[in-house]
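In what follows, chain A forms one complex with chain B and a second complex with chain C.
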Partner chain A sequence: MPEPELTPTKSATEGRSGVDSVVPGDIALSDAAGAEIYGEEKGAGHLQAPPGASKLVTLLWMLPGALWLLIFLVAPVIVVLVVSFFTGTITGFKEVFTTSNYSAIFSGSSTYLSTLGTVARNSAIVTAVCLVIGYPVAYFLAVKVKKTQYAFGLFLIALAPFFTSTLIRAEAWIPTMSINGAVNSILKDIGIIHHPLGILLFSNFAVIVALVQLLVLFMVTPIFFQLAALDRSAIEAARDLGASGFRVFMNVTLPLTRGGIMIGCVFVFVLSMGDFATYKLVGGGSVGSIGLNIQNLVSLLNYPQAAAQAAILVVAMAIGVVLLLRFAKLQEQV
Partner chain B sequence: MSQQLRDRLSKVGLGVWFAAFLVFLYGPVLVMLVLSLQSERGGSGFPAVGVPSGYWYNYLTGPNSSAIRSAVGVSLVLALIVGVIGGALALSLIMAYRRMGRRGGTVLLYLVLLALMTPGILLGLGMILWWKLLGLSPSLYPAGLGVHVVWALPFGFLVMLSIFNRYDVAVEEAARDLGASVMQTFTRVTLPIIWGGVFGAALFAFTLSWNEFERTLLVSTTNTLPLEIYGELTSAALQPNLYALGVITTFGTILLVFLMLIAVALIVRRTARTQAAAFQTEEEAITVAEQARVAPALEGA
Partner chain C sequence: MASNDQIAETTAAPESAAQTPAGNGGEEAAHGSGLELRQVTKHFSEVVAVDNVSLHIDNGEYVVLLGPSGCGKTTILRMIGGHEHPTGGDVLLDGKSLVGVPPAKRPTTTVFQHFALFPHRSVLGNVEFGLRMQGIDKQQRRKRAMEMIELVGLSEMRFRKPSELSGGQQQRVALARVLVTQPKLLLLDEPFGDLDRLLQLRMRVELRELQRELGIAFVHVTHNQEEALSMADRIVVMEGGHIQQVGTPAEISQRPSNVFVAAFMGDNNILQGEVAEVSNGRTVVNADVGQVAMATGESSLSVGDQVTVAVRANCVRLTAGDEKRQATNELACTVTATEYLGDTIKVHMRAGEHALLAKLPEDRYTELVGLAGKTATASWNDGDVQLLRA
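After this line comes the complex of A and B, so read on.
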């Protein structure tokens, strides 16, 4: 490397010890410090770029993953949009342009729009409930549990179910909520009800409960990490100035975690819009969803119609996300 | 009320909230656990009959469960392959990401987020249509494998990102300065430090593939374990053997995830320590070099 040998390394040492004194035991450098010290281009915004970063090496590292994502993610999504404009035939589709798949959806006889409306409303409710349930959980772990090891340990216990099967998590609601399920027998045993509640399973209510349980971790996780990284001195300053705990929370903590809340909301909303397994198993056919529609249409070999429904789902999801971001004015925050 | 008392109360209140949250999260699978321990006469609901008994777990090894066992084999092989490919691709993508500028990095990040957010059923639909356009018929390999890796990749990428957030590039610079090639720097310096992260990414990929359902449903013509469970759930009357299977899968997954997270935590800590040690020696070296440079200058004066 043609750089002068000692100067950059020397300043690197100084910079490092400077950071060390602020964060004892943590050798990670902040972005700004890293870029300044090494005088190099920053990698992807926040990781330090390694030395000798030639374009060819980058390309070679990029190639396998990029190709894989292109073939198995980008292409399928684009194909859905393309096929939604193809003409359906008995055995599938032929490559003749038509808009009839969309006009069929928007015609009066189609139940698609009312299904989409129900799914969108359910997703909004699920997102709101996840926020109300998830925020105190994240707050408890990140702020109230003083020892970091305990906080992370408890967080992992809460996170673990995320990796288990969505299908089995949906299945588990059947013995829990059915007529002779756990909740009904407990309520009967303690005398709150005399006849089992039928609404607990195979209903819209059941779908919402199951989706909240399935997706709430997508809300807890980003908020937890943001709270954990929060600068405590801001909170202490507000306290020292005499603000009550509630006011500190509303005026300091909550605004500072807005980003995490938004990420959580977007994830929960989008994932509940596209859900299939929960609607199928917990809704039990009584509640329609776009995922169920698509599966039915595929089994009837009506691919263009399925593609059109999927395309509108994507557009509806995008609108929902934009509204959510607008609503929170995230752009002004970042 | 004093400040201290209020703090204490809010902590207790939130603690109760968290406990209730865990009940909500784990409750249903515990209900499955109870019902899976019934005797032969047990049904799909309460009251539970003859708890505890291992009957329905033994049932899984019997002749009535041969479809489930062959699905386990299919899922195991698939998940292992997804684990290897997912870990390797997460590694190569993060190596590219580190070298990319802000714009390219953002594009890659959005691509990874797209993989995370695309609804499974939509990706499955897109996959069969795309294969039809190409004149291929969809099947578990390679179409199913492809979407499984797409699902696993974002998580592996995030694991690698968390490792590289705590990684100091100075060790690679030192290696390069000492004359190591790009390849040598990678195999001798970078990889030994971060292999635990790659292993973690691979385990994540394995777990996610093992449990994947919605992406596989439309694509695969072979039953993976979740597809088999789905088939039995939607056709036959529910028997406790499916609860037993769900309990095994759930707790197996949780165990695996904990092992993986512990491995990653250890590797992060070790990385920090190794690098701290490296810096100490580096600083000593600089001091020596510094003196060597300053000394002649002093002599000259």
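After this line comes the complex of A and C, so read on.
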């Protein structure tokens, strides 16, 4: 065989380490050649920012997105913050600094904090239920359905409710879940209940159920895509090394889809924290929400108070997201 | 130590196998030990990936399944590992059927094609995994994992993630991860596919050394002829879901049994023709390029049979000029190109419509390079002509 004669070296079994261990000592490699052949260490430079002109190109790529965020996110948030320190009047506000909008929120008579607590608790429950319901759906679609076409077809069907607006979907709960609605009638007809259940509509429970229905796909989607992109051979390797189905899931599948889970949780949590349509239509005034509060305040032209409530809501959401991410970090294993 | 005997056995294996040509199925080795495939078939809906394959692999043997992509070699490996289930036949290890046994319960482990390391776990976490699944307590498994990591020379990197390692280091982790579980049989799916050539050459030797030390059977899948020849005790050449030939590297290389093997192993001149003459131990064929004579011993061939024969490129002699001295096994041809390969020189020739190849020693470099475009005479011995099955 026309091959260079190599003297086998024991470097692999001698415990030498570092990049050097890959380079056999007895093979006369020049440093340059060695570096070229073995310079595949990740992070050893190929990710370094390219110099000069290409740096400018990178910045240009970022420009549209940055401008968009600046105009439609950063600027409004700043406006909201500024307005929250203005003094309210009957017709709006005058530009006089005050902290009374915030002290009103934290005063004893305000229901803001208890409402925020309820909403936060509801959002946490909704997020957890969405995860428990959504993960198996995503898993089924991405892993159990063998053909990619079928998986994406079924995924599109699952997405169908999103073809209508959130408002219409929330509205549809009323004929479905009211005292004389479809669910109560069916349950009564098949004899599971004797008296219609009032809890199905205009209750906190109803809000949670409706929010789960509304938001579960925000959980399914990121998990589905991450599962679909999952390296199956890692799962096979785990099986090969003696892991049962459950342990494969706990040790490989779940940790490798953590990113999708986190994105899904953040989506669901943030969306349910800010929701007001569901609270209004399905909660029917029996449950308060910050979104609803803000909407009411805006219709009363009390912009500074609305801005202060919005600012606190943003902070609460940020704390929630940070807690979620921190929790995920703790789950990371050695 | 018992493993010493095993080492002796494995080192002796190539010679002994060479004396007794290994049969196609290994039915003669029907004793209970080792791995046995019995008429294994695998269908993927309409497609037959593996068709009625029988093979015996001894304990401590290094077997390479060689073939082009889609030949069924990986499917066989996956059926041994339990990642696919045969639609027909049986897979036995030490006499016990493995069919229906999940991968987790098999004493086999696999080094997967792209290593399939757990990206979220460190080197230590990867190597420990198998032991953790076996329920070995933390202290014990950490100790064994560290020993294995040391053995593959990655102690300093035990807390790194796979993505922070080079290809060669990742492969070491993959090996450590499977070997720490002390499998009875190691399966390797294109283990060198992700490594650069120099590293491949080194890993070949190291892996072979490791296999001798461990004394367990390795089943290695590759599409690389050179890799198969350099590592195997026995090579199983596959194509279209069938075993084409089983033999030692020397047998596969020197005596390909059919057209596919001769063509796939390369460096063979494959000639077709009609049997013109059969006389004691010698058959003359009117081939497309001229008359070819071969030593056939007692031959079942008769005049008029269509046959295909092979002449290895390194059995072809080459002389300048076109002076023909004998009636058979000598062709006038034109040299079209020469390829310098370090220790040999490949000379490409044309005899009429037919391309021919000769592999000659390096010391004739100057002479051969000067032959390009000129006429020459290619010749070989009767004994170097190999009759191929269709």
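Please note the rule applied: the second predicted complex is superposed on the first by the 254 of 334 C-alpha atoms of A that agree within 3 Å, B and C clash if a C-alpha of one lies under 4 Å from a C-alpha of the other, contacts with A are read in each partner's own complex, and residues count from 1 in each chain.
Everything that follows uses one rule, which is that a contact is a pair of C-beta atoms (placed from the backbone, for glycine too) under 8 Å apart; a residue touches a chain by one contact, two chains touch by 3 or more.
This is a predicted model, so every value here is computed, not measured.
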item: Touching partner for A:322 - first (chain B), second (chain C), both, neither; value: neither
item: Which of chain B and chain C A:233 touches, first, second, both or neither; value: second
item: Contacts of A:241 with chain B and chain C, given as first, second, both or neither; value: second
item: Which of chain B and chain C A:113 touches, first, second, both or neither; value: neither
item: Touched partner set for A:281, first chain B, second chain C, both or neither; value: first
item: Which of chain B and chain C A:165 touches, first, second, both or neither; value: first
item: Touching partner for A:251 - first (chain B), second (chain C), both, neither; value: second
item: Chain A residues touched - chain C or chain B, whichever exceeds; value: B
item: Overlap of chain C and chain B interfaces on chain A (superposed complexes); value: 1, 6, 9, 12-13, 16, 27, 38, 41-43
item: Residues of chain C that touch chain A when the two form their complex; value: 81-83, 102-105, 108-110, 112-114, 116-122, 124-125, 129-130, 133-134, 150-157, 159, 163-169, 172, 177-178, 181, 196, 198-199, 201-202, 205-206, 209, 226, 229-230, 341-344
item: Chain A to chain B touching residues, read off their complex; value: 1, 6, 9-10, 12-13, 16, 26-29, 34, 38, 41-54, 57-59, 61-66, 68-69, 71-80, 83, 92-93, 133, 136-137, 139-141, 144, 154, 156-161, 163-169, 171-176, 178-182, 184-185, 213, 216, 245, 267, 270-271, 273-277, 280-281, 291, 294-295, 298, 303, 306-307, 310, 313-314
item: Residue ranges of chain A touching chain C (in the complex, touch as defined); value: 1-4, 6, 8-9, 11-19, 21-22, 24, 27, 37-38, 40-43, 231, 233-234, 236-244, 247, 251-252, 255-256, 258, 332-334
item: Chain B residues within the chain A interface of the complex; value: 3, 6-7, 10-11, 14-15, 17-18, 21-22, 24-29, 31-32, 34-35, 44-47, 85, 88-90, 92-93, 95-102, 104-106, 108-109, 111, 114-115, 117-123, 125-130, 132-133, 143, 146-147, 149-150, 153, 161, 164-170, 172-173, 176-177, 182, 185, 190, 204, 207-208, 210-211, 213-214, 217-218, 226, 229-230, 233-234, 238, 242-243, 246, 249-250, 253-254, 256-258, 261, 272, 275-276, 279, 282-283, 286, 289-290, 293
